[in-house]
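Shared between the two complexes below is chain A, which has chain B as its partner in the first and chain C in the second.
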Partner chain A sequence: MLQVHNVSKYIEYGLVRKRKKAIVNNTSFSIQAGETFGLIGESGSGKTTLSRMAIGLLRPDEGAVEFAGYDLYSASRGDSKLLRQKMQMIFQHPDTACNPRKTLLQSIMEPFVLHPTLRKGDDHEQIEEVMNMVGLQPELLRRYPYQVSGGQIQRIVLARALLMNPEFIVLDEPTSMLDVSVQAQILRLLKHIQKQRKMTYLFISHDLDVVNWMSDRVAVMKDGEIVETGTSNKIMKHPTHPYTQKLVQAFLYTDR
Partner chain B sequence: MKPLLSFEHISCYFSTSFGELQAVRDVSLDLYEGEIFGLIGETGSGKSVLGLTALQLLPANARVTGEVRFENKSLLQLSEKEMRHVRGKKIALIPQNPASSLNPVLKIRTQLREAVRHQKELKDKDGYLASWLQAVSFSYPIKLLQSYPFQLSGGMKQRILTIMGAAGQPKLLIADEPTKGLDAPARHDVVEALRNVCRQTGTTLLVITHDLHVAQILCDRIGVMYAGRLVESNDTDSLFATPGHPYTEALLLARPTAGMKPMAGDSPNLLQVPSGCAFHPRCSYASEMCVEQLPPWTEYGQKKYARCFLHAPST
Partner chain C sequence: MIGKGKAGAFAAGCLGLIVFVSLCAPWISPYDPNQIDMSNRLMSLSAAHWMGTDQLGRDVYSRILYGGRVSLLLSGVATVSTLLVGFCIGVLGGYFRGKVDTCLQTIVHIFQGVPGLTMMLAIVGVLGPSLKSLFLAIVLTSWADFSRVVRGEVMKIQVEPYIEGTRVLGASAFYIMIVHIIPSIAGTVLVLLTIRMSRTLLMIASLSFLGLGVQPPTPDWSVMLNDARPFLRTQPHLMLAPGICITAVSLSFQIIGDTLRDRLDPKRMQRVEDIA
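Entry: the complex of A and B
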């Protein structure tokens, strides 16, 4: 479904002598329809940059991204508008996900403003449907973002993404700011919706247990490159790359 | 054994525009010398507020009742001037959010030296600081002293803050969410640093965290808070093996390794905390009694306490 071919992204730094450094270096991967593809690696390894390129938010310096047969960065305006509707992203920080000056209803209505074709009759009916799907009362939408909890915002953000009828969602550490009990609710919900709507996920996290539980396949990133790919079971139990071994060990470490 | 620090019936209220909010409800807790005590619970359960109470660092709209005893002195009665001799020297805080807790325009050396300024007898302060840096596994301490906070990663900043607290050689360290937002390798380094610091100097550590994994590998004893109340206190191994309170049990089951079973219901609204045991709407063992009365704080085993009717003597 999604194919990323040899993408690279560089930053230039230095005031006098310009130097280049690769954030993502010549990386390829592909995601099959209906699967959850996990991406792990430590902070600064390029996970977020890679995922932003995969979803069309950041133009790669080299390489191409193909989604459902379209090249993301050379598609026509009409095509890319459609593509953007089919691909959604859910970010890490619930605090910054919604405009603080708008009510949640105004925030959740935004897809309708940007994509009027999505409107099918009664707006409120459609909103009620997605709100039920994420397990929230539609009355909650009268509030402002600061009046609801982080877990509730993440659900509202998910509901907003679902309004667009996406086929592919990038989940960039959607639960790292939440409590364990809420995390379990959100992740179960994501899995349930995936089954119901036959969704494809790219799931980014540095919590290896969470990635393992969510994903079918996992890729490990280090310094802008994918060093190992495999089924989540294999990565957790029999990592082959030394870096993966180190990462898994640092995570599991329980000796006192 | 006499406790180093005791919270005695601490309650903490905040006046807000929606009415008075009670963040901590009648919490009594003893910390003993040299132990590592973890305080866990979800966002808004009052664990950070309780920690800050000991240092009188709460905002102006907070009202605290009860007593905090430290070395037989009552901390809440001390004036601001007297508190200054306690903060940093007797009790030090490792604050939440390393990114905003360091001064961005001062070198690490300048900031760390502030922490040891009151140690007049110390001649070679840089050497002393360097030895601390080595203790938390920094390989180039001298080079590090010359750097600025923006040159360091989140895990490194957190370890600097750990030293900043520990270098003043306090009796008690309070670490507020020391691993929040860190990835696995950085988290490992910070946990290791905290443990080394405490074991080497015999410092008592109060860790406030919502990361169950960190609590498990770092702490000797753990207290669990829910909706402002302490609902369980237990030693780490038995807490994870046989949790005493249904809330702890549900919390443990929600972990990814335990199959990620979500807890029923939503977190309580602190302005309208449920009657009786605050956990009763979400509890699978709840009976009518739990709705009407507050369960007593019961010792049901050696150093095992829980606030639940399952362990109360009458049932």
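Entry: the complex of A and C
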């Protein structure tokens, strides 16, 4: 469904001599329809940059991204609009995920404003449906973002993404800012919705436990490169790359 | 905080009164502000002439009532125009970054590199003293500062996750700017606007005082200030009256700006004052 071919992203720095540093270096991976692909790595390893390139938010300096047969960065205007609708992303920080000056209803209505074709008769019915799906009362939408909890915001952002009828969602550490009990609820919800809507996930985290539980396959990222890919079971039990081994080891020591 | 609110209300009232008086000057002034009466020149305060008369026998009180019209109108129009220019350029640069921003910032730096008063004197000197050249001088010297503040604010808002979130939904740059960015920086811009009004008024006053701004015999506070110079020792009220008016308006704008800043967002706006 999603193929990422040899993408790289560089930053330039230096005062006199421009030097290039790769944030993501010549990386490829592909995601099958219906699976959850986990991406794990420490902060600064390029997970977020890679995922932003995969979803079409950030043009790679080299390489190409293909989604459902379309090249993301050379698609026509009409095609990109359609692709945009099929790929959604949930971000890490719930406290800034919605415009603080607008009510949550205004925020959740945005898909309708931007894509009038998504409207199917009654807006409120559609919103009620997705709100029920994420387990929230539609009345909550009358409030402003600072009046609800982080877990609720993440649910609302998810509901908004669902309104777009996406086939593919990038989850960029969606639960890392939430406390553990809420985290578990959201993850369970995500799995449930995936089954119901037959969606594909790219799940990013630095938490091995969470990634392992969520994902079918896992890629381990270090310094801008994917060093190992495999089923989550294989990564956890038989890691081959030294970095993965270290990661799994450290995890076993701290959490068990 | 309460004290500040009261100060703000007082400043707003004071400014409102001055604007009202300036608007209604033709109906409330007892004399024609340009009526010369050489037999009654340099009179002290009296019942007939509340604020005395100047060196040509014109009624100072009437001239004070009229005196705010040109300055206030010009500073209002000039500040809003400055704002529009600076705002557009700031938003464009802040949003699009890259080459667009580099080009715009180069121009901004050039304008910021020239000392304000020198540039104003040069512009007015070349174009000749008139309201038009005064207006041009103000806009050209002030837009750059504006655009930098706006650019900074746009850049700050632009990296907020909710902007990226909207982009994921398929929003165009134009939509994001109109719906998310501009309303978010409106408060900052409003504060900047009021504080800038005071600066512009003082700019006009200083240029007029130098003889390059509003021209006599137009009744204007700064012109009156200049006219009264030779009589400072004998008739100090000739200078005091317009001086107090200019100070009052400038101070009012300043206080209103301060109050708005505190009210709108105490933490975020602190920076605006430093630049304005």
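Just so it is clear, the second predicted complex is superposed on the first by the 253 of 256 C-alpha atoms of A that agree within 3 Å, B and C clash if a C-alpha of one lies under 4 Å from a C-alpha of the other, contacts with A are read in each partner's own complex, and residues count from 1 in each chain.
The rule is simple: contacts are C-beta pairs under 8 Å (C-beta built on N, C-alpha and C of every residue); 3 or more make two chains touch, one makes a residue touch a chain.
What you are looking at is a predicted structure, and each value in this text was computed from that prediction instead of being measured.
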Review point. Quick one: chain B and chain C on chain A, clash or fit?
Key: fit
Exercise for review: Pick one for A:G44: touches chain B only (first), chain C only (second), both, or neither.
Suggested key: first
Check your understanding: Put simply, what angle do chain B and chain C open at chain A, by C-alpha centres, to the nearest 10°?
Key -> 80
Check your understanding: After superposition on the shared chain, which partner residues are touched by A:A159: those of chain B (first), chain C (second), both, or neither?
Key -> neither
Exercise for review: Please work out whether A:L208 is in contact with chain B alone, chain C alone, both, or neither, and reply first, second, both or neither.
Suggested key: first
**Study point:** First, second, both or neither for A:I31, with chain B first and chain C second
**Key:** neither
Exercise for review: With the two complexes superposed on chain A, say which partner A:V182 touches: chain B (first), chain C (second), both, or neither.
Suggested key: first
Review point. Looking at the overlay, what does A:H115 touch: chain B (first), chain C (second), both, or neither?
Key: second
Check your understanding: After superposition on the shared chain, which partner residues are touched by A:L57: those of chain B (first), chain C (second), both, or neither?
Key -> second
**Study point:** Smallest separation of CA atoms, chain C relative to chain B, angstrom
**Key:** 15
Practice item. Please write out, lowest number first, the residues of chain A touched by both chain B and chain C across the two complexes. Key: none
Review point. Given the complex with chain C, which residues does chain A contribute to the contact?
Key: 55, 57, 81, 84-85, 87-89, 91-93, 96-101, 107, 110-111, 114-115, 157, 160, 164
Point to revise | For the chain A and chain B complex, residues of the former touching the latter | key: 42-44, 149-151, 176, 179-185, 187-188, 206-210, 212-213, 246-247, 250-251, 253-254, 256
Review point. So in the complex, which bits of chain B are touching chain A?
Key: 42-43, 153-154, 181-188, 210, 212, 216-217, 250-251, 254-257, 260-263, 266-267
Review point. Any idea which chain C residues touch chain A in the complex?
Key: 160-162, 164-171, 175, 180, 183-184
